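Down below are the structures I want you to see.
Common to both upcoming complexes is chain A, partnered first by chain B, then by chain C.
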Partner chain A sequence: MPSRLIASLFLSLLVAAGCARKENPPVGTATALAKKILRVGNGTEPQDIDPQTITGTPEYRLMISLYEGLVALAPDGKTLEPGVAERWEVSPDGLTYTFHLRANAKWSNGQLVTARDFVRSAQRMLTPALGADYSYMFFYVGGGEDYFHGKLKDFSETGFQAPDDRTLRLTLRQPTPFLLQAMLHHAWFPVPIDVIAKFGGLDRKGSDWTRPANFVGNGPFVLTEWRPNQVIVVKPSPTYWDRARVKLDEIQFFPVELAETEERMFRTNQLDLTYEVPLSKIPVYRREQPEVLRTDPYCGVYFYRFNVQRKPFDDVRVRRAFALAIDRESLVKNVTLAEEQPAFALVPPGVGGYQSRHHLTGDIAEAQRLLAEAGYPGGAGLPKIELLYNTLEKHRTIAEALQQMWRKNLGIDLTIYNQEWKVYLDSQKTTNFQIQRAGWIADYVDPHVFFDLWRTGGGNNNTNWGNAEFDRLLTQSLDAKTTADRYEVYQRMEKILLDELPVMPIYFYTYTRLVRPDVKNFRTTYLDNYPWKYVELAP
Partner chain B sequence: MSTAATTIATEPIEKGNSLWHDAWLRLQKNKLAVFGLWALIVTTLTCVTGPWLMHYGYEEQNLDLGAVRPSAAHWLGTDTLGRDLLVRLLFGGRISLAVGLAATLVALSIGVTYGAVAGFFGGKLDAVMMRAVDIMYSLPFAIFVILLMVFFGRNIVLLFVAIGAVEWLTMARIVRSQVMAIKKMEFIEAARSLGFGRRRIIFRHILPNVLGPIIVYTTLTIPGVMLLEAFLSFLGLGVQPPMSSWGVLIKDGAEKMEEFPWLLIFPGAIFSLTLFSLNFLGDGLRDALDVRSSKD
Partner chain C sequence: MLRFITSRFLQSLLALFLVITATFFMVRFVPGGPFTAEKAVTPEILRNLEAHYGLNKPLWRQYLDYLGSLAHGDLGPSFKYPNRTVNEILSDKLPVSAELGAESLAVALVLGIGLGTLAAIRRNTWVDYLASGFGMTGISIPTFVVGPLLVLALAIHAGWFNASGWYEPADRVLPCLVLGLAYAAPISRLTRGGLLEILHQDFIRTARAKGASEFRVVTRHALRGGLLPVVSFLGPATAGILTGSFVIETIFQVPGVGREFVNSAFNRDYTLVLGTVILYAALIMALNLAVDIAQAWMNPKVRLES
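The block that comes next holds the complex of A and B.
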């Protein structure tokens, strides 16, 4: 229903825009450079440009241009630097964060960005009627979860406090060492509450406030044009406090869903930066134009979920046999092709300085032995096994390769089948599968994100697996005094995961895209959230 | 080939000219139709027997090898998982041809019976039956097949039986109109006056006379069904990996055509060849069986 509403909005917008504006001629490289217009391939048409309700990566990349949180990414793409908050203090017990907001941080309508804006944004985020998927990122703050579940009626009793316009004080439920990292996430960006209230109410998704004419943001760029399924145009915001550092004159985001189309647009000079690269094109670019192909680590893990309540995966020996019987090195070298790291643990190497100590070890002989021990020697007597993946060429190719490895190494004949994204998500939620392809991209750079997933009954667990000791360690980890202590707890949790294997890790993601040499100072960060304001165009 | 053709051509003449024999002679004069017939026979035989003669299995991978162009070891090259394209092409051919035949047979039996009954009885029964066909025609086809897919699950045989059950509509209409024309002829009157039952009249006296259009339409349905299978595979609803079909291979090839052109060229060529052959043969048969069009 909301999507239909949005669609009709888009339609009316399209008609209105179509009447008023002449078609823009396609911008060639010469004019693009002279005017410093960056043309970005951005995957799909965004669901919306409300940072509190969106969930996808194409939207995230737009959000970074239109909004700014309390903290921001420094030009190196790794360290934090002040954003709307010019400085902050953390109490020694790690429970109280005090942010001091800049005097010159302004919304694009000229009003000041105040601490109250952040409090009210948090309140909107925690309003169940909004139905925001990322509400849980605000549960770290005291009272957040209670307010969300209706146990607390008065928002002023939560840990979100604004003593004055320029001071924001957050009192946490328990120490959350990665809070500042998490604040880079779009869910933590402030939203213009008054504007949203004017256009249909705070808890309505997809109302008119995100139209170019009504839009208000606090980021380095403002929305100037949104032609659905064609282009989204943003231009530097004159009221942005750090305007001097914004180098580009304009960014155009093109929703190009097909990687092949996008690659063709890149080749014909219609894009400066792509969203992805077709698998079969990676070797070509590597051979012929290595200077435009960028491959960087991406903070995520590609894995297969087991449904531990369905036979035969209720037996950990079968799960281990499956996990051991595949050749991950060969898969990443010959099939996925983008320099991915084979995954023998659950956390990508080096997330927040964490290095997994325990790894999945064992050879094919052991896999065969385990399968025999479980009562299925050489795969005999196994029930029918089906592997579910969502409809995408790459997933099918990987599944086919693994299917054959299992057939060869374990004598298992399994079927692979695909579902459309929404059906697939439904099957995932209801754990209606035996093995399911999945992946997880971190929302913030800390190993915690990869453990929080497997909490018993957690919303993204979807394996029916649970472990009391694991849950206890998960809670305990946040109380650890030092990062080293915390990572020690993580090691123990990872050991549990690798012993029980509710999922089998396959590889750690990399991000591959094409970048024209004219684009300067662009980096693919670990979460692909590099601020657009540092990017420059120069021949 | 030419000697075989001439012996067939000369021998029956001595026995006299039946309608079928005339048709056969006319068909032989149509070069394209003869070519189509032979191409089909050769393709079918190769697909059926070929895989037994090969060294590789259709699912056998060689990841380290990857996609290589045609060579002595792999005559048509390999795909990105290092699987031999020739074997996959032959296996895919089995599926595609079998699917074409199975679905067409289903369409044939339902369509002919339905059309003949409607045409023969006429009146209210005919009106009701034909409106039912109209209604089914108006269903969006892709959605209907996807629904059947959901209903039958991922069973390839059932799926294509289901496609056949959809494809019979046109056949029913053609047969009905033919039956309506024929049932007014004198020899049917004669059969009626001899006291034959309706069933006997329909199946023994009318249907043999509409066989021409039926055969022609059948040869045109097979490529239609094969294209449909390709379309469904394109959507990911057809055969499931690692099994292949021509549709699947073409879809894969199309995605990788710039880097690995042979993955598209060979499956595309063989698929087109088969479709052309079926169409040529169908055209030839139509000309040959239509007695009114050529009285020589």
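The block that comes next holds the complex of A and C.
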């Protein structure tokens, strides 16, 4: 019977193909074992690798291997160490920063990285036609904002100055104590202006200069291959000033969108480091292979927004009742599972040494009393309440758990509903919700980030809440003489937030991933970035 | 025949134009846009971005501009991936999807027709029950269940394959097998049904009476007519394999068009949404046209009726 013959032939072909498979390595083939190749799961396909125009986390992780800013992260992942600048001074009034660039900092095409490169990079960042999302990070420097708005035509009149090739002087608009922290952000990395100019102009997004053949960077690694949706390969840059310290021979970044797929790739030894861990697998790994499961604190807060202009959340007593009536310890222990910290304040613990003094306190009895005081004893008489979250399994699980707690503790029956990401963002921008799930991850490690959010009418506030005293303190905080003084102002601001509760904090994030034991020196920062140059592979 | 083909071709062109128009306006009316992001950008930056991509022009103007560049074969730049054009992305991804589709279709046809034929000629024996059981199971269990199960068995436990990826030849086996199995099931049922109907007809009896061997009866006489339902299924099935491979592409990290299709909608990457829709619409129409022609060739009755 020929069809039977064909079928069996085909099956044996399949089996043969299976047996012929080599021992694992997906791209580098058999040499992967001899060479030190780190294989990293990196979430989604990067938009681009231009540090001035990208916005996502997967891109940021890639950037750290390809570029280096004035300051860099020490191997401990916490303190600052010299990057392109070998040292720097800050004037006593906190307004002038002078950076001294090292003589041997080079681009991957062999040219020196000069102070002028940083000035011209800043100018590109502040060119409106480029449409860079993070240009506001350069508004701290004098004239930056005016240049961006076209009020200042000549960039040499701004506070970005390069007296000579190795000296960069920044004159700020007002003291910005977190400037050095902010400089770790990819928006502050220098870009090869001459190269970009050759490929269609400085203010053009996405020109061909980021293709592997044209790419020039100044980081410990250099781009050698980019196969969209397949892999991005970087190799040590021979011109990097600290080349001797770079231990890996190659890093391969794999865009793996699905956490489940990624976890299976980890199990078949296709990855050394994953981007995330599926929620359902966390308990399994914790039980069976705790040595590969890694959890680190992550500088962000998970919270729910109230729309303070919609009933019943226009009443602070209702907001407070909602915030008090949930059991955060139980939520992180039984639902979110990744050792998150329950949040009773809005700033994650220890951000730049700041520890919140005020906390959300009160029990369920008080929550019930507040609700009754607001005119809704036992939840009676409340309008229909709907809780919005974006479509994701984890957010649904959390929303369901909280829905249960509110039902049990306050007698409230609220409905939960989900929207696809961009629709959800649209509802958020137009405050078209009553309660909304939200989260915020800092762009740089300073408590300022978590207060700037709630400025009246600020683009990320989205609660319709505003407080003049709060705004005044926010401006005042930057003029504080010492960090201790500044943090005192923040304590007062946090008290205002906790009294008025335009948002209700739920937990502080952690970052969970799988790491193969032979990956050494792998440290993550509070922002979950890694100084790749220190990472080593050893059996 | 030529008139039939020409008229079907013109109908397809009109349909394609309607699809483009409808898609163009529909994606614009969905809440959120390509630059909607969690972290707010200032209104100035947003205006600059929109001006950069011509989104500040009136919608009808953008539509005409789009049709204009489309006439030159230019599908525009991608919003999400600024350093790549839609043409580039699609020409990069289409060969991968085509390979996945062709290999899966081969699996589906060989397994489906083979099993269906066996079931038909060994009707009501254990062979038939086994094949029909396979058909039923294959139709009922979705690929996102079969996929991970096969990965678990053949990649993680047996260690024969990578769990996912599209790097070496062996990486093709699992995705093509999973996608092929899903289509082998309906094909085996259609083959069985079609053959059974034919095997009872007079010309088969005549063939047997002439002393033709059973093998010859089935392959020469029965299959040509018995496969008609399979052929009409092939058009939508091929289109389904090409467009519906999103799940497989995601589970197995295959860099094909299916992932771009779905992700572009999530990203509100207007031009990429349109590009993939146009590609898929054109493919589906071409395949249906091909099926119509094939059917007319295989069965003169169809031609007469139309």
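By definition in this document, the second predicted complex is superposed on the first by the 508 of 539 C-alpha atoms of A that agree within 3 Å, B and C clash if a C-alpha of one lies under 4 Å from a C-alpha of the other, contacts with A are read in each partner's own complex, and residues count from 1 in each chain.
Going forward, a residue touches a chain if its C-beta (ideal position, glycine included) is under 8 Å from a C-beta of that chain, and two chains touch if they have at least 3 such contacts.
Since the structure is predicted, the reported quantities are computational estimates derived from the model, not experimental observations.
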Larger contact residue set on chain A - chain B or chain C: C
Touching partner for A:260 - first (chain B), second (chain C), both, neither: both
Which superposed partner A:334 touches (first chain B, second chain C, both, neither): first
Which of chain B and chain C A:477 touches, first, second, both or neither: neither
Touched partner set for A:415, first chain B, second chain C, both or neither: first
Partner chain(s) touched by A:399 [first = chain B, second = chain C, both, neither]: first
Touching partner for A:148 - first (chain B), second (chain C), both, neither: second
First (chain B), second (chain C), both or neither touched by A:510: neither
Which superposed partner A:207 touches (first chain B, second chain C, both, neither): second
Shared chain A surface residues [contacts with chain B and with chain C]: 260
Footprint of chain B on chain A - complex, ascending: 260, 278-281, 283-284, 327, 330-331, 333-335, 391, 393, 396-397, 399-401, 403-404, 407, 415-418
Contact set on chain A toward chain C in their complex: 1-4, 6-7, 10, 14, 17-22, 24, 26-27, 45, 47-48, 50, 53, 55, 128-133, 135-136, 148-149, 205-208, 210-211, 227-231, 254, 256-258, 260-261, 264-265, 267-268, 270, 420-423, 425-427, 429, 443, 458-460
Interfacial residue positions of chain C with respect to chain A in the complex: 30-33, 36-42, 44-45, 48-49, 52, 77, 80-84, 89, 92-93, 107, 110-111, 113-115, 117-118, 148, 151-152, 154-156, 158-170, 173, 177, 215, 219, 250-253, 255, 259, 266-268
Chain A-touching residues of chain B, taken from the complex the two chains share: 59-61, 63-64, 66, 80-82, 154, 236, 240-242, 255-256, 258-260
